Amino acid sequence: MDQEIHEECGVMGIYDTKGNDVAASIYYGLFALQHRGQESSGIAVSDTRGPVGSYSVHKGMGLVNEVFDAENLGKLKGNIGVGHVRYSTTGASIPQNVQPLVLNYVKGTLMLAHNGNLVNARELRTQMEYTGGIFHTTIDTEVIAYLIARERLTSPTAEEAVKEAMKKLKGAYSLVIASPRKLIGARDPFGFRPLVIGKREDAYVLASETCALDAIDAEFVRDVLPGEIVMLDENGIQSDREMCKENAARCIFEYIYFARPDSYVDGISVYKSRITAGRILAQMHPVDADIVVGVPDSGNVAAMGFAEESGVPYGVAFIKNSYVGRTFIKPGQQARESSVKIKLNVLKEVVRGKRVVMVDDSIVRGTTSERIVRMLKNAGAKEVHVRISSPPFLYPCYYGTDVPSCDQLIAYNNTVNEICSMIGADSLGYLDGKRLQELTEGDCNYCDACFSGNYPVAPPEGDIRGSYEK
Amino acid sequence: MDQEIHEECGVMGIYDTKGNDVAASIYYGLFALQHRGQESSGIAVSDTRGPVGSYSVHKGMGLVNEVFDAENLGKLKGNIGVGHVRYSTTGASIPQNVQPLVLNYVKGTLMLAHNGNLVNARELRTQMEYTGGIFHTTIDTEVIAYLIARERLTSPTAEEAVKEAMKKLKGAYSLVIASPRKLIGARDPFGFRPLVIGKREDAYVLASETCALDAIDAEFVRDVLPGEIVMLDENGIQSDREMCKENAARCIFEYIYFARPDSYVDGISVYKSRITAGRILAQMHPVDADIVVGVPDSGNVAAMGFAEESGVPYGVAFIKNSYVGRTFIKPGQQARESSVKIKLNVLKEVVRGKRVVMVDDSIVRGTTSERIVRMLKNAGAKEVHVRISSPPFLYPCYYGTDVPSCDQLIAYNNTVNEICSMIGADSLGYLDGKRLQELTEGDCNYCDACFSGNYPVAPPEGDIRGSYEK
Amino acid sequence: MDQEIHEECGVMGIYDTKGNDVAASIYYGLFALQHRGQESSGIAVSDTRGPVGSYSVHKGMGLVNEVFDAENLGKLKGNIGVGHVRYSTTGASIPQNVQPLVLNYVKGTLMLAHNGNLVNARELRTQMEYTGGIFHTTIDTEVIAYLIARERLTSPTAEEAVKEAMKKLKGAYSLVIASPRKLIGARDPFGFRPLVIGKREDAYVLASETCALDAIDAEFVRDVLPGEIVMLDENGIQSDREMCKENAARCIFEYIYFARPDSYVDGISVYKSRITAGRILAQMHPVDADIVVGVPDSGNVAAMGFAEESGVPYGVAFIKNSYVGRTFIKPGQQARESSVKIKLNVLKEVVRGKRVVMVDDSIVRGTTSERIVRMLKNAGAKEVHVRISSPPFLYPCYYGTDVPSCDQLIAYNNTVNEICSMIGADSLGYLDGKRLQELTEGDCNYCDACFSGNYPVAPPEGDIRGSYEK
Amino acid sequence: MDQEIHEECGVMGIYDTKGNDVAASIYYGLFALQHRGQESSGIAVSDTRGPVGSYSVHKGMGLVNEVFDAENLGKLKGNIGVGHVRYSTTGASIPQNVQPLVLNYVKGTLMLAHNGNLVNARELRTQMEYTGGIFHTTIDTEVIAYLIARERLTSPTAEEAVKEAMKKLKGAYSLVIASPRKLIGARDPFGFRPLVIGKREDAYVLASETCALDAIDAEFVRDVLPGEIVMLDENGIQSDREMCKENAARCIFEYIYFARPDSYVDGISVYKSRITAGRILAQMHPVDADIVVGVPDSGNVAAMGFAEESGVPYGVAFIKNSYVGRTFIKPGQQARESSVKIKLNVLKEVVRGKRVVMVDDSIVRGTTSERIVRMLKNAGAKEVHVRISSPPFLYPCYYGTDVPSCDQLIAYNNTVNEICSMIGADSLGYLDGKRLQELTEGDCNYCDACFSGNYPVAPPEGDIRGSYEK
């Protein structure tokens, strides 16, 4: 809904070592990653067999199917390329900030797509300005590009330059880089954001999620490890793990909400994680009820898990209007015509006279939850028991999502009972933070800072969001 | 998917008797009706207290959120208006055919939105041309407008003119008409297409489905009866039922597929109809299986009905990519990148190693079904049993949908066994046509011509689709 | 300038009897006629050898090079077609009013392009509405189309129908009509607006001016006579002169301002007419001066005539900025940045210290003239003597131009001396209305109603402009 | 025509020291400079009293009136800004190359507009890449920006940094730079391209030509000297002339063709220069003739000079169609419909039976001249004597225009007699290179390398045009 938490970006890269054009496949892949960013889209390609420094790029504000058409896609000729979908968390939502970034540096063209958020972008940028750097954008991706370009002067290879740059970067980044003759993937040592390797015949693929591999019929090879740099070319996959650390800190909220349920993140099925979350909720917050329903689309799988565990039948209570897009305008001032109402409608037949368990992934400010509970009650639900498949949001995120500052988080200033009353529910249960590790099958290398305040990397002094514009 | 059957149109009309602007509410309502037509959208308004003959209109090719923005919607000032979303079945998909039609006639401005398809449009049009008529469009709505304008010369009121016109019209039509000072709704005597009356404070509403009433918080008053003309103004609702017949023939496929499950069509819950369809399938085509899944979105409810009746657990096996819109292009020639693949992905965790019952609403040509069955098998499904919540399509529709001619219908030339083998399923079961009446709770006043060939109104000689263009 | 008088329209039609596509040539021709209308453009074509009733049309708001591009022009396939450029005098400037009109009537497709203005459009329209007519537009072209369609029912041929329609039409009209199998041109009996016939190999051409023939390398055949109907097809040119009258009334202002100087209107060189006008001014309003300059572009030729007759040297004093187009916006409120200033600049070197004769075609409200005189004086001109190559505007035009109502005409309420003083000139001289016939080489069959008030056709009661919208 | 020689760019900058918005005035000024570049346009502004680093920019492909509308212009708030119109000579015609460039560097925002062309851009760029520079564009303006940013680290002021940068730049550049708190203008030591200072109340203005000052009612203060840096702020105009040289080399072709005739370039009236050129032609290549005509628009003034000197009467022989713009397409393959024909038409009345002197500014490949001569003869001219107001083009230009390489210049491989015959003229005379200095009133500080091969600055090895893209 309008108060959703957003992932910053989705990234994609393909290198077809036999020379076939890759733009169409990147385009398909970006569709599969569109849930990770809806503000802008872009694809850049070049030809590994052509002259160094030539490339084609098309990018713009909007969804993949708004930015690309047969004409502009047809002009993107080349067998190596990167693509990007973006929701802006740092850097204003302006045309010059749209990714991928395409730059010329000492070795030719450098095309970058970045998912994540640096916590030391401001310091790095200032350092570069004090050594003569100029910046066309306000996104930290340009800082990364600069670092790589400078390190490349003294590094024997592009991947070495990436590694040297990584030694200076702090924060979250999953990078896909097309250097003139190879495709490079890199993931920060904590592995905040996902990145996977795929293969299709003679083409290597990097993508944020496995669902993008499915979309282009590529097979999943493996995840890029936290801290790993992979270099893909006609010699296959090469790996540099010097930057890998013992303890990673993968974003747990990818499992709960960001990633698509048909994706596997770091080897774990997102679908299964959500089933597990629902089961835990049923164990910890059981309730006598007639039906379990999910708030579409992200609450559905956890609702099924709750149903399986509790024996309360699963049902579908909401019709979601998928035509209400990014450009939906609100012409009327009449409160009754809320955007929640336009996007969701209740199936009265399903809930009338029933005790309903309503499962959602999170509560941010609480207003959307309040409206949905009210819709259920207006439709005749006798009771509405809200179950949230994550712990309460208590702290902002600095690693590439827009979980906001504390004062905007309902859970920061209110007890669970207070929230329950504020949203009009008959009961409210959150997932217990202690059981989060069950979502990752016992692996504790995850980041839950937004719930626990345990920041793996120290946040910048002051929130960095949009600070370059000021 | 790409071989879906399409409804022709969705219509909407509002008259706010206290003088408030209605365009914003029509805009919201059209969002709720968008599933009935995605090719073009339009809104026309006028002011019942202003000079006769003045109006504002905006319409164009595309979805509601592509055609309307804050600027053009802001210019639509007026307290009476009609809106339309369209998928073209008759009349080419060209700008001049976009509805609503706005005309000036002897009494001022006439604004029409039409859902349905006449079977005698060609004859009527020829008659009018032979009495000096000129036509700007190739849609039968213009024929209806002409008839009304001509009848208005000798009829004391607009609604009388509509009635006289109806005496000449044959086929399917649900009409919403804004005459300078009142809103008129009319439904053909067979009631092929739905039309409902709503009310919100001092405003009267007409819409194709009740979900549009929900979207604007209007309350449902009642369905317009087959053959009824309703006239809505500051004096309330007036009705003329002279054209009503004993036996109506409402489109049964509205319940199975076209209408949104949260709508009530002629008093019957679409959701419940589909649950019933699923239950019947489970009774007639039972199968030993591990999971029942629906093909999104239309197969989901029937799948739940099947699960309820059979006891086989319900599951969600597909992730649908809702970003793949109307303007999706297919840049690649590689067969592997089918549009089915881009739109749907299978949750491998759900189906792997399982015997799957896959419920869909219909099979047209069979190619989409074949691809989906294959996707399930590739994801590890051990068996795939296809259950279709309608009887086999055997005949084309002439009443406002695009069920095509016989030679394009897989069931026309193949037995059920043959189809089962063609789509690669382990078993295949259709809904028995004899039990269709259970979907309407025993009311037999429905049209099932596409299954039975029993046409309530004789089809035109030769298929009328697009014939004006030729 | 911003107070220019505008011609209503330019029309074009081509029929290639050997079957070649004509859209490209119409496109070129419309460029040559663009000075006659800059608000909208359109081309409609069909194929005389294809099925009756099929056609292609593209039209839109804007200049020819804004409305057409390679893609939409490439889709206009057909060997007969009409084109139109428009400046709206009647009918609001809205999309549905853009010409050419394309209609289907009893005999197939009727494509019309119209230049002119009926004085009885309102009465005719009302009559048609009272016999069941419906109107999609507010332009009188639709009235003409209706009349033709109705007459066609009882007329043996399309050209007969046109003639019968003409018997009912009052006012100004030059029509180009593509009936399914022939191209028809017609001109009102007074011949207010021009229309010429051309030929290029096997193609016949109709156009508002000969400059459009030059643009496509067609040769000039002859003018369509006032009152004449011509029918062009593979049998050549056929003519019906039954409606011709003894005394025509061609618009004299075509020679003075509307037509391009490289055109010949009714056999007379526009260039020579303007030279003559300048000569007459020099004879009647001589002045001791150092240089004669024209206000671009329309005053230039008359200025040369003045120079030739008077012996005062001709010079160019103004640079016109041809990039300031239709969509020029005035973001600043500062009076100093007048649009006159943006469009014109003075060559100081030319006028500094000189006594200047400034020749322009007309004065409407006087404000533009005042600004230009001031610009000359600011640039150092010692004296500015204004000479106007037409008599004073005293009456509005009802025949297809926008000479406005009396209260907006500076000459209606002021003497020449008063105007001279209002515009800051040192002297002012108008062309004497008695000598207008010298512009047409002695032929008195012209309309000078805007100067004399002698209306060949009685104006409608009340100004008809835009009255359908009210 | 389609073979015109193009100037690279026009630049504009305003700083209103009282805080008024400047975007509207820059917009007006760019209209006046549009003849210097029609491919792209842009305006960037910031507020000297606001936070350092904030700015607004809008730019795009197309003419000023295509790129700007009321909405985007209204968003450009700020009292200091720069504007640019561009025709690409170096750097591909792609969106990222559109100027002005807006960068953030150590001192905040740097906004640059550049007219000219460096000959050592490639070396400088390589040097910067070898010290860690990254490039977003392929235009040399980015190289200049980088140099300034780097020099700023060790320079006390922005203007000092500009001076240090200039010590490394070779070639042609007229720069307008908005540093956070001041407006800076700089011109290369040879002064290849013009740059003037203007003032309007409390606002300082920099512009390529004085016609832009006229357009906004600013008064001309003086030219920026070759090699001079001017710094404009609330303290007035400050100047640094350390880089000035004894001998400048202003582009002589600015007088002959590029600049608008109402401009003064380095103190000399362009209008008078062209009159002089025409007079010299009449002296050196006299001919018995009936009329002298100019090829519009650039040949007109020289034609008047020829007429004055020779006594042969001046006339206007061509009508230029100013609606044929940048986006004119050529849909037809028929040779007869040449674009010359669409843009120009001959006034037959003027040339029929006459011996015509046709004056043009230059001949590049000769095909356009050949077509125009043919048009005159087809219109009845008895003789056509071509006079060119510049010497023959023999060498390419490296200083900001697109005079092409030798093999594309008709004069490089053909004698004057041969050219005369190739273009079908009865005689042909060029301006003698020895008399060029008369155009600048005796000042020999001009560059005539395209005629003489005397390059004031050594050209790069190999033509630099577009080389970054390769």
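Going in written order, the chains are labelled A, B, C and D, and every chain counts its residues from 1.
Keep this in mind: a contact is a pair of C-beta atoms (placed from the backbone, for glycine too) under 8 Å apart; a residue touches a chain by one contact, two chains touch by 3 or more.
Everything quoted here is computed from the prediction, not taken from an experiment.
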Of the pairs A-D, A-B or C-D, which one shares over half of its contact pairs with B-C? A-D
Taking each chain's centre as the mean of its CA atoms, chain A sits from chain C at a distance in Å of 61
If you average the CA atoms of chain A and of chain B, how far apart do the two points sit, in angstrom? 36
What is the distance, in whole Å, between the centres of chain A and chain D, each centre taken as the mean of its C-alpha atoms? 49
Set of chain B residues in contact with two or more other chains: none
Make each chain a node and each touching pair an edge, then name the shape: line, ring, star, complete, other. ring
Can you name the residues of chain D that touch chain A in the complex? 51, 53-54, 101-106, 110, 129-136, 138, 145-146, 149-150, 153, 468-470
Which stretch or stretches of chain D touch chain C in the complex? 23-25, 27-28, 31-32, 34-35, 38, 63-66, 68-70, 73-74, 211, 214-217, 260-262, 269, 271-272, 300-301, 304, 314-316, 319, 321-325, 327-329, 331-332, 334, 336-337, 341-342, 345-350
